[in-house]
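This structure is in structure tokens; I'll ask about it shortly.
First chain written, first letter: the chains are A, B, C and D, and each begins at residue 1.
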Amino acid sequence: MQAYGALVYSAFGSVNGFAETMVKACPLLLAGLGVTVAFRARFWNIGAEGQIYAGGIMAAVVGIYITGLPAVVHLPLTVLAGAVGGALWGLVPGYLKARLKVNEVITTLMLNYVIILLAGYLIHGPMRDRASGITISPQLLQTAWLPTVIPRTRFHAGILLALALAVVVYWLLERTVLGFQIRTVGENERAARVAGVRVGRTIILTMIVSGALAGLAGAAEVAGLQHRLVDEFSPGYGFLAVAVALLGNLHPIGVVFASVLFAALLNGADAMQRAASVPVPVIFVIEGLVIVLVSARFFRQRSG
Amino acid sequence: MQRDAVVVSMEGITKSFGGTTANDDISFCLEAGEIHGLLGENGAGKTTLMNILYGLHRPDSGCILVNQVERNITSPHEAIALGIGMVHQHFMQVPTLTVLDNVILGLRNAREPLLDREGARQRLGELSATYQLDVDPEAYIWQLSVGDRQRVEILKALYRDVSILILDEPTSVLTPQEAEELFAMIRVCVNRGMSVIFITHKLEEAMSITDRVTVLRDGRVVATRVTSETTKAELARLMVGREVLFRLSNDAARSPAGPVALEVERLRAISDRGVLAVRDVSFQVHGGEIVGIAGVDGNGQTELVQALTGLRPVESGRVVVDGVDLTNAAPQRILRQGVGHIPEDFDDALVGAFTLVENLALDLHYTPPFSRWGVLNREVMRQSAQQVIARYDVRTPHERVKARTLSGGNKQKVVIARETSRAIKLLIAAHPTRGLDIGAEEYIRGLLLELRNAGIAILLVSTKLDEILSLCDRILVIEKGRLMGEMARSEADIEKIGLLMAGTGA
Amino acid sequence: MLDEILTVTFLTGFLAATLRIMTPILIAALGEMFAERAGVLNLGIEGIMIIGSFAGFAGAYFTGSLLLGFVTGALAGALLGLAMGVLSIRLKANQIVAGLGIWILCQGLASFLNRGIFGVVSVRPSVSILPAISLPLLNQVPLLGETLFNQNIVVYLTLLAVPVFTFIFRRTSWGLSIDAVGEEPHAADAAGISVSRVRYIAVTFGGLMAGLGGAYLSLALFGLYTDDLSTGLGWMAIVVVVFGKWRPWWIVGGALIFGAANALQYRLQALDFPLPYQFLLMIPFIVTLVIVVIFGRGQKGPSALAAPYERSEL
Amino acid sequence: TAQEDETDAEPIRVALVLDNAIDDQGWNQAGYEGLLAIEEQFENVEIAFSEEIPIPDMERALRDYASQGYDFIILHSSIAKDAAINTATDYPEIMFLWTDGDTTMDNLAVIRPLAHEASYLAGLIAGSMTETGIIGMVGGIDIPSTHRSYEGFVMGVAEVNADAQVLVNWIGSFLDVSAGNEAAMSQVEAGADIIFGNGDGQNIGVLRACEETETLCIGAVRDQYDVAPSVVLTSVGWGFETGIPLVFGDYLEGKFEGQFYEINLEEGADLMPYHENEELIPEEVRELVEEKRQEIIDGDLEIPVIDFAEEMEEEEETD
């Protein structure tokens, strides 16, 4: 009981708890939106993790090495670089599927490993902070930092960006030609083709958008939280994002709630370690159980 | 042949799906050795009733007696054990398996778990011979034509030694000749002591083959008649609830043929199986005329239509629409050149999960006024949908319902509405009335004539000879991917076309 | 450098390493193939392998018998496969989410049980590993014989299972039913096959194999359990199933390529290959990717994969 | 009385934050053992720990402990630099200890294990004992601390056996047991007859591979003899089990300073016992090790710290 109390309290009970929940929700939401877009086109993108890393790397490169810009230019450029990195890493499996019909489960999973190793190479090699005795990149220039929104917490502007993007993605899917085509391809590829929708092109565009969103998750982690490129700056957010997206019923607003719920759960479970000495393995068991139950509970609808 | 014993008796069957009551207190009985027709409009509840008998659905209430014993049939497995076999409207086959494997699927044999394919092949051969149902047991289902797939479906039932055979709209995909073969087979079945339930929309068939008919409307039994004591007109009235016209005349308001709208030159296309399915096909369609392509299903019609609409690569030859070469153009380009396309399966044209508004905008959503700068204009889409729905008389509560909830006839209307409501010069219609009831069929045929009269060129692919004969100005016959002959309607008759279709004419 | 690479010891070692790396992946992949061909996508394989390696170890440790260890690992895996079955078949859960959940759950569970049973110890309890069995005569085959025919029993059994599984899918009603259920469940149902029963059996068997694959790690490779015995082998198994077009021999090929690329990569590094080590570590993944792009185009899984079956959906 | 006062006094609360599991047999377990040593060696201490904390959550975990009034917080993750600095800045009254870090503050000290000295000694053993002239080193991730050890080891080898070749595998992980195993196997096949497992949890794989192939080996971070008793000659200790309580003792005595605490041979970053395998090492080798060890302690022999960054810069210069 004490443990659950700790969970709820730590998630929403204080300004800092709330801020931390949102800090955690940020990458889950952005990557979850990315997964949502891909899954709506029935493109099984298991590569959000890799796209996060690609975005983080690009944001770090721009944030560290491009100097002499004012924040109003540097910050957007950094964030944009993250989106571009993710989009590129999403484009590869998208292109391979659309033009060469290569199964996306394989490509996205393999590309995850490749980019994480590449990040490792950069952090330990060319991008390493030479002045430091440890293996991390130098800090991003302050002009590239996402500003802190709630003082004395880690609540950064990336979270607001993520929330805004949830609305944008909703609008994209429901109100734009591209979104309409994404949904058409996902629901009935043959009908899409008959009606003149260019399926291959749609899939490529889908993965650019999907990757860009996941890439933004990486950029937000780097420019909003770490301010550096560090090993394992995404501890599997890209995989959790799949659960988040599906729990949100592949609906952008649903994904907002799902990501906050997951964030509260993750943070709360972690706080249970300290408040109630719940061993970490038990926490994983609880997390796993919640995901499993959630999978069975809420998802009868969209399968049909 | 003993006729009076009742083999199946369904009493007070009620079944609803969510809001719709598909079967409403239906009582139905099948006598030994009879062919019992089941008639009704689309959505009348015929398939549902038979699915209940076959154990695929559980009735909400009512009981079933098989051979005078009350049975609780909860799965097809039990139905099969009771000697009930069913040939489904949508074939229940695994496309990636061979004919033989589909036939023996789910059956036990002496060498279980090993398969006894040798024995099965032999037995299948015997059945094929007895019932004149020829199919290659080693062929994969996905390679077969619809007619062949149906033969497989029947063989599956026969292989299971059924005594009660349910055929759900077996003839909707067959040519008259194939249908005749089917009827011959059914008669063999009955002679061997089976009882048959036969669902159809075609009244001639019901009149010619059945012993009795039961007519359903809106989930209820309207009447059961002895066939010899009723007429087509009466059955039609019972089904639809009003008088039905039987022949549309295509001579009314016939305008002279206009300029060439579609020109096809020595077209070749390859099927999914990798064989040349369309061989050097050349023809023209003029504005204001309907050109029919008759033929047994699986003779290259599918591939021809796909090649014309950009859905399948053209190997060689040319496709010219309204003077523009569209050989191997993308579907979108062809569509924007003024071509409408009604594919042979309306599920390939509609997105079931989308509303009618979205489905009706699917073809032009990327152009003004439906969208500007990549942003959809929902209001315009909605208004346009409302208009189209009213104009084409699509039966739906409102334009926001999901397409999958519509009946077959109404789904087809939506497709036709979408494909003809934009400015088109050419309409390519593949089997536009397949599976539709007489009311819907009548409506759609009328619509095609109207379009023709408005100067649109129409290419009509159909296996229904009556449809071809009553609608087309010129008739082409396709066999093994070749055009076997061309004739004006005035020169055409069923005999002549039938011979060409069989590859022996001209 | 080439002469350094092409020595007999290098080749035999390379072969042995390839076999070592591919075997656990292959075991799990062959099981997953059953589940997927029946229409159930089990993304929890990685987690089930972890549980399998723990349960297998605990079983062997307490009974003193490696055989019973493997049995325990397999049973634990089967139980989790069954759980995945209940989720996906009975509760009609979203299989992707359920699989991810099982993955996370198993990680926690294995480590929880491990600490509960063995405690946080500074010395890991261990068992002796499965001995290699040298097949007489065959091991005389020059070059290959010494490694190929000097493996533990599980390797032989796994390789033996491949033709057996091929046979099951080609020649038995079980295989036919599984394929029918994964491809066209409505047709299978109409033919009198119980869709859910076949799926339960297939996904449970898939779990059993993943459990065995996990037990292979703790009992045939390391003789002990830690939480990090399987780092992504289960995910690799899933990739290999797709790579292998859901067919046993192709799956062997997929596992082989991945295993070989991995074995090569370690050797290149030890030979001071002039590339940062991270790039060498990428080799297996890039090789897999490139091979799929070249040879593995246009494959689609079972049509009903990951789709819950509902009869009245017709 | 004074004694009662002492027990009534508020306990001193010590917390440890780890990025992996406390039973990983390597780095994290060593840190955890350091924490347990504090509890054991000092009266009236209350300990707590948080394990498996991913990088983005480090700062939250630290702040959590800080806000709960812990007095002494240990961060056992070298790359969580900003988490350490930010929290230490916001809680100046709390003392922080960061293992293998690179920055100190008034209330932030760093423990730096000088394991390269023990690695040098290990290199002496390996270099003297190899028969094939080929020695293996399987590292985890190539970071400054593991790199120092690697360089020290190579120096040791070269000192006694100029011709010996050292095969190098970095597996890119401190956890991946299978990778450790495979890398070691590949070195054995390439002829290595002594392998230095210069890592952490993945060393289990390395040592088990050695046991299976009957190849002698050397563990790292903590005493890893028990992982493979038949072949582990010794281990290069990093001294966390001794170093952490050492610094904490300073803190209790009010001598804690925001400085680098270098753990050297004497303070525990030493070669671990030979255990049952003492006899496998020729006596003259053991004597040589003892001699050199003393020289280092006495300051007569200096093993240079070759950090990875320096080496890289050198490389660039020569390019």
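A few comments on the model shown:
We take it that a contact is a pair of C-beta atoms (placed from the backbone, for glycine too) under 8 Å apart; a residue touches a chain by one contact, two chains touch by 3 or more.
If you're wondering where the values come from, they're calculated on a predicted model, not measured in any experiment.
More inter-chain C-beta contacts link the pair A-C than the other of A-D and A-C. The mean-CA centres of chain B and chain D are about 75 angstrom from one another, to the nearest whole unit.
Distance between chain centres (mean CA atoms), chain A to chain D: 34 Å.
Computed centre separation for the pair chain A/chain C is 29 angstrom, with centres defined by C-alpha atoms. Rounded to a whole number, the gap between the C-alpha centres of chain B and chain C is 45 angstrom.
Taken residue by residue, chain B touches two or more other chains at no position, since every residue touches fewer. Residue numbers of chain D whose C-beta contacts span two or more other chains: 21, 142, 172.
Shared interface positions of chain A, defined as residues touching 2 or more other chains, are 117, 120, 124-125, 280. Interchain contacts (touch definition given at top) occur between A-B, A-C, A-D, B-C, C-D. Of all the residues in chain A, the ones that touch chain D in their complex are 16, 20, 23-24, 27, 117, 120, 124-125, 128, 130, 132-136, 139, 154, 221, 225-228, 230-235, 267, 270-271, 273-274, 277, 280. Those residues of chain C that touch chain B in the shared complex are 171-174, 176-177, 179-180, 183-184, 186-194, 303, 311-312, 314.
Chain contact summary for the complex, chain C toward chain A: residues 47, 87, 91-98, 100-112, 114-115, 232, 235, 238-239, 242-243, 276, 278-279, 281-282, 285-286, 288-289, 292-293, 296-299, 307-308, 310, 313.
Those residues of chain C that touch chain D in the complex are listed here as 9-10, 12-14, 16-17, 20-21, 111, 114-115, 120-124, 129, 217, 221-224, 226-231, 233, 262-263, 266-267, 269-272, 277-278, 281.
If you check the complex, the residues on chain D that touch chain C are 21-25, 29, 32-33, 136, 142, 167-173, 175-179, 181-183, 185-191, 201-202, 204-205, 208, 212, 222, 226-227.
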